[in-house]
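Two complexes are shown next, each including chain A; its partner changes from chain B in the first to chain C in the second.
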Partner chain A sequence: MSDLKSFYEGRAADANGVTVRDAGLQGMITLRGDLANAKLKAAVKKACGQAVPAARRAVITGGRGAAWMSPDELLILVPYAEAAATAAALALALKDQHHLAVNVSDARAYITLTGAGVDEIMAKCAPVDFANFAVGEFRRTRIGQVAAAFWKDEAGAFHIVAFRSLGDYVFDLLATSAKAGLVNL
Partner chain B sequence: MLTLTCPYCGVAAEETELTAGGEAHLKRFGPGSSDDDLETYLFLRENPKGVHFERWRHSFGCGKWFLAARDTNTLEVFGTYPAQSKAPPKPIKDAITAKRPGWSWREFK
Partner chain C sequence: MEQTAQLGGRAVVDGAEIDGQQAEDWVAATHQALAKMDNVTIRTRMMGAGVYDHGYVIGYERLTDHDPQLDGPRHRLWRIRAKQIVTATGAIERPLSFAGNDIPGVMLAGALRDYLVNWGVSVGDRTVVVTNNDDAYRTALALQAHGLGVPAIIDARSAPSGDLVAAARAAGIRVETGAAIAKVMGKTRVTAVALAAQAGEGGVLEDIPCDAVAMSGGWSPVVHLWSHCGGKLNWDAERAMFRPDPKRAPTGAAGEGFVVTAGSASGALTTGEVLTDAFEAARAAIKAAGGKPKAGKAPQVTVVAEAPLEPVWLMPQGASYELRAKAWLDFQNDVKVADVQLAAREGYESVEHAKRYTTLGMATDQGKLSNINGLAILGDALNTDIPSVGTTTFRPPYTPISMGSIGGAARDDLFLPIRKTPIHGWHTDQGADFEPVGAWRRPYAFPRKGETVHDAVTREILNTRENVGLLDASTLGKLLVKGPDAGRFLDMLYTNMMSNLGVGKCRYGLMCSENGFLIDDGVVARIDEETWLCHTTTGGADRIHAWMEDWLQCEWWDWKVYVANLTEQYAQIAVVGPKARQVLQAMGTDMDLSKEALPFMQWADGRIGDFDARVYRISFSGELSYEIAVPAAQGRAFWDALLRVGADFGIMPYGTEGLHVLRAEKGFIMIGDETDGTVIPQDLNLGWAISKKKDDYLGKRAQERSHMSDPERWKLVGLETLDGSVLPDGAIAVAAGQNANGQRNTQGRVTSTYHSPTLGKGIAMGLVHNGPSRMGDVLEFTKGDGTFIKARIVDQVFYDKAGEKQDV
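Right, the complex of A and B next:
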């Protein structure tokens, strides 16, 4: 097998107590279908150990969980090595109904933003009201000029998912935004 | 700056997160229709100063198309509703009537 590397090979950038980090390889599966369907709910629970999240929410612990992408789409997170098998298991469980389960792990960049004042840095890059952005909330929007999705964990850190080909742009944008100084702190 | 609430995911999305899709509630005239109908469908659009209905796509968000009723003059938004609607739903019409009594747009009023 080829030598697998994440988009920035685990690079990290520190500025003003904030760390932007390429969080490495993360298994991600795009699952589309009827989210109210009982069979799909059971399959999701089996795949990642979490129930189907409510609209605009993510339930993710330790790199494993599910996030609400749109009324008919979920992002399933599992460890990288399990992604292909999990996608196959989801497809098998839902084979008699309209669905799509694809392993997109290698199409994604996964970035974490940790430290004090990360809300301010995100607010420089995305058109979202971060003062009212709750823990566990999941948002698809743009970061700078490119599409991205992110959620906030219990520690207040942001986890950002973007297209792998745009990972360096998102990483550099966040690192630069952190460098320019914190706002209102 | 225009802020529209996506009826599918409930996000109050700002203009840069959305893609404009032109006029709403167009009736398609395809092969076999009269030249006049085809011309109307292809080229003739409303250009009102006031109440207007438009298609928008939450392109950086959930990716769904939806329809919006707004005022082109004041940028006031009366409401948004799913793209599967063949006509503006009653709450939207009532909201417009409350602010712009006697409004009309194509066959709707």
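Right, the complex of A and C next:
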């Protein structure tokens, strides 16, 4: 398939040492089921190489991993090209029990926020205590006026997931906030 | 957070001596020491606007008001979560209530002193000071020290005695004790005050010429931030003030207090008291936040002995009605002593009622200037004391904050998030005329150069009927419903059966609320044994998703069903018209798109061109129609490819108005046009879509109630004007006679109305009393300008009644 387009076609914006980037297409699978179930745990491990994360945590490295969405829902991350096959593999592994595994890669905007002071940019946009937001923590909340989820990686960068139709809003809000600069806390 | 531009509060102006230093030097040194600390952030021109649950504080920072040339935002709103909050909000001086206290030139003594010391502004050459406390003597002394005249200090107390009083006397200032201002003379400017005895009723002893009056009725701690979240107050009769009760602080999640007041905000009056109280407050807050305060002691202050004040609520105490009617309590809302007394006489005994009757302390004042004086007057009128009267409620913000600070970045393009389909960019490039649908902007039509919007709509419709049209239908809701109980679940949500829908097939369904009213419609596709895909209306996608989750989480929590909102996973494009199949075949496909292999109301997966497609043979236009879902990332390329390949077949995109007219020509209903929250499926002759076999579905019981099954309910019909013109939207069909209110009786209304390019005339649908049994009847509809237009009741399907065109 040629000419795949992410929401902002890979656009990036720099301001005050912070970069907001449309991080392109990222494979994402919504998995719902009994997260304590051994079969599900094994299937998740096989699908993304990570164990089922604890509540409000994400275990993601190099675009592979899992994030805790709710007591019965995970977001599984794999490379975009593998998403459909991974969803099918999950469904097959769990066919004997109640579950839902569905590819939602195209329904999402995936944005990264890197640079010094990103905590402050995020603090302007989301009702979260970023002073106490740990690496590997995952949060479903809102950015500005719309729903979003994010986690912080080892390097302190933020990875943000939003609805594709609103990706430009989230991007532009973060870019605007970065442009306004840090408030020198 | 410091509300003003400078730290240190009144101490600098009042000239205290702290730890052997002048207040100004001590404040500067302390500021410097704090600024050097890594764990201290100081922000000036920033007001604590409100204190809320769980240590949530709103700060309002004014960044460039003082220097508009500066770059950056003008105001900024801070949202802070604090373990502990120390409010050092100071105190506000109270006016005295005497006649003419609103005349220009009458000012609070502290304010007059600030003007003089901070800004070098002389309010008047001759200032009379009127007071019930020692603090106002500082104003008199400061004025005199600056070479300005103080004709007299009028002190309501009979024997004032503190150090400041002595200093004033020593400086040769005339001090009148047990005295009052009977009234202020002057109109646009103070010219004199009339001296009287405070104990009397206003008999004038002497006129004292002057051009300013400095008044002080004592100080009220600023308890707003303390009180916003529930901190309680005690009345201190000796100091005549409400003071925060440290035992009844605003409490957090574990019942612990999270606000501590410091200094004047606690009710401390002298610099020594203020510093001791603040020192203890800081220690208490540090401890409560889990820290360990360093050893130390409060700064030492050279004591200036001050005598207590004497509460004075009206001056003179027996002032006549004429004087009371000119004695202001609330300067901002124009409330006088006489007004509050009238409120009490009228029976507004509760302080909240009296406040609303008189507007005392409302709006910008929020009780700052007027509260205590007003309460005292009300208490006196009710023959009770101030604590029995109580206070009104303190509400955030402390002073008004700008809308801009609240809105923040939400302006211009960020004001309203607008949802965009993967094809939105193309629509914009074409100069499409947009309309809002839910949070989306959908193209209404695509006018070409020199074309009006109406022309474009006409062209798009005719081309779709004759050749082939293209619609961006990506916004339609797509809810995936899966699980062993999914069929049973959908049977409850839809009025018709969905559990028996065959895999690979599609069925149109209706959803009703528990009250029986039609709330959404759409085509459901059976994906596999356990999975259904429910299409909803564009505006209904999120609402219906939430509706499904509501039932699954709250009512049928033991049903095994999962729902996922896949609306945005796909770009969905409708290829519509007699040449639709030819276009798709020309795209190159591994699918058999013939009528036999993929009949009407079925779906199939396959490749179309270079794209992963799911093809639904459904039609909202009456034409041969394929709605094709491709992953959103492929959406734009798919759209471009269809336009390119379809060019040979005369393909043209059409917008939502074309969509509306096409469906109206076919008599299809539209949620939001034919429904308005009061319409049930039976009203729309949709009984065929209501299962008789099912025991239950949401809305079933309600639809059996007498009013819902009433044959007199208005029902859907088609309408055609006799002259071929277009009926006005929402027009009412009039009936003979008048109702009980003298209004013209009605018998129907228009729900959808358009010019049909296909038929070359106006067509409409409407709900009409006994409509379906009155075919051919002519009704009169209002035009809104007092005239009427005649329309005939006809079948609602104007085009291809047999449905042959969509089934080829």
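Operating definition for what follows: the second predicted complex is superposed on the first by the 182 of 185 C-alpha atoms of A that agree within 3 Å, B and C clash if a C-alpha of one lies under 4 Å from a C-alpha of the other, contacts with A are read in each partner's own complex, and residues count from 1 in each chain.
The definition used in the following text is that contacts are C-beta pairs under 8 Å (C-beta built on N, C-alpha and C of every residue); 3 or more make two chains touch, one makes a residue touch a chain.
Please read all numbers here as calculations on a predicted model, not as lab measurements.
*Asks:* Per the contact definition in the header, classify A:S70: touching chain B only (first), chain C only (second), both, or neither.
*Replies:* Only chain B is touched by A:S70; chain C is not.
*Asks:* Can A:R56 be said to touch chain B (first), chain C (second), both, or neither?
*Replies:* After superposition on chain A, A:R56 lies in contact with chain B alone.
*Asks:* Identify the partner contact of A:G115: answer first if only chain B is touched, second if only chain C is, both if each is, neither if none is.
*Replies:* Neither partner.
*Asks:* Which partner reaches more residues of chain A, chain B or chain C?
*Replies:* Touching more residues of chain A than the other partner does is C.
*Asks:* So, A:G136: does it touch chain B (first), chain C (second), both, or neither?
*Replies:* A:G136 contacts neither chain B nor chain C.
*Asks:* Would you check which partner chain A:Y169 touches, where first means chain B only, second means chain C only, and both and neither mean what they say?
*Replies:* Only chain C; A:Y169 stays clear of chain B.
*Asks:* Once the structures are superposed on A, label A:G156 by its partner contacts, choosing first (chain B), second (chain C), both or neither.
*Replies:* neither
*Asks:* Once chain A of both complexes is superposed, is A:A180 in touch with chain B (first), chain C (second), both, or neither?
*Replies:* second
*Asks:* Once the structures are superposed on A, label A:P127 by its partner contacts, choosing first (chain B), second (chain C), both or neither.
*Replies:* After superposing on A, A:P127 lies in contact with both chain B and chain C.
*Asks:* Share the list of chain A residues that count as touching for chain B in one structure and for chain C in the other.
*Replies:* Common interface on chain A, chain B vs chain C: 127.
*Asks:* Note which residues of chain A are touching chain C in the complex, please.
*Replies:* 1-6, 25, 30, 32-33, 98-100, 102-108, 124, 127, 129, 144-146, 163-166, 168-169, 172-173, 176-177, 180-181, 183, 185
*Asks:* Quick one: in the complex, what on chain B touches chain A?
*Replies:* Residues of chain B touching chain A: 8-11, 13-14, 16-17, 60-64.
*Asks:* What does chain C use to touch chain A in their complex?
*Replies:* Where chain C meets chain A, its residues are 41, 72-73, 76, 79, 81, 408-410, 413-414, 416-422, 440, 480, 482-484, 560, 562, 564-570, 610-612, 631-637.
*Asks:* Which of the residues in chain A come into contact with chain B in the complex?
*Replies:* 55-56, 69-71, 73, 127, 139-142, 147
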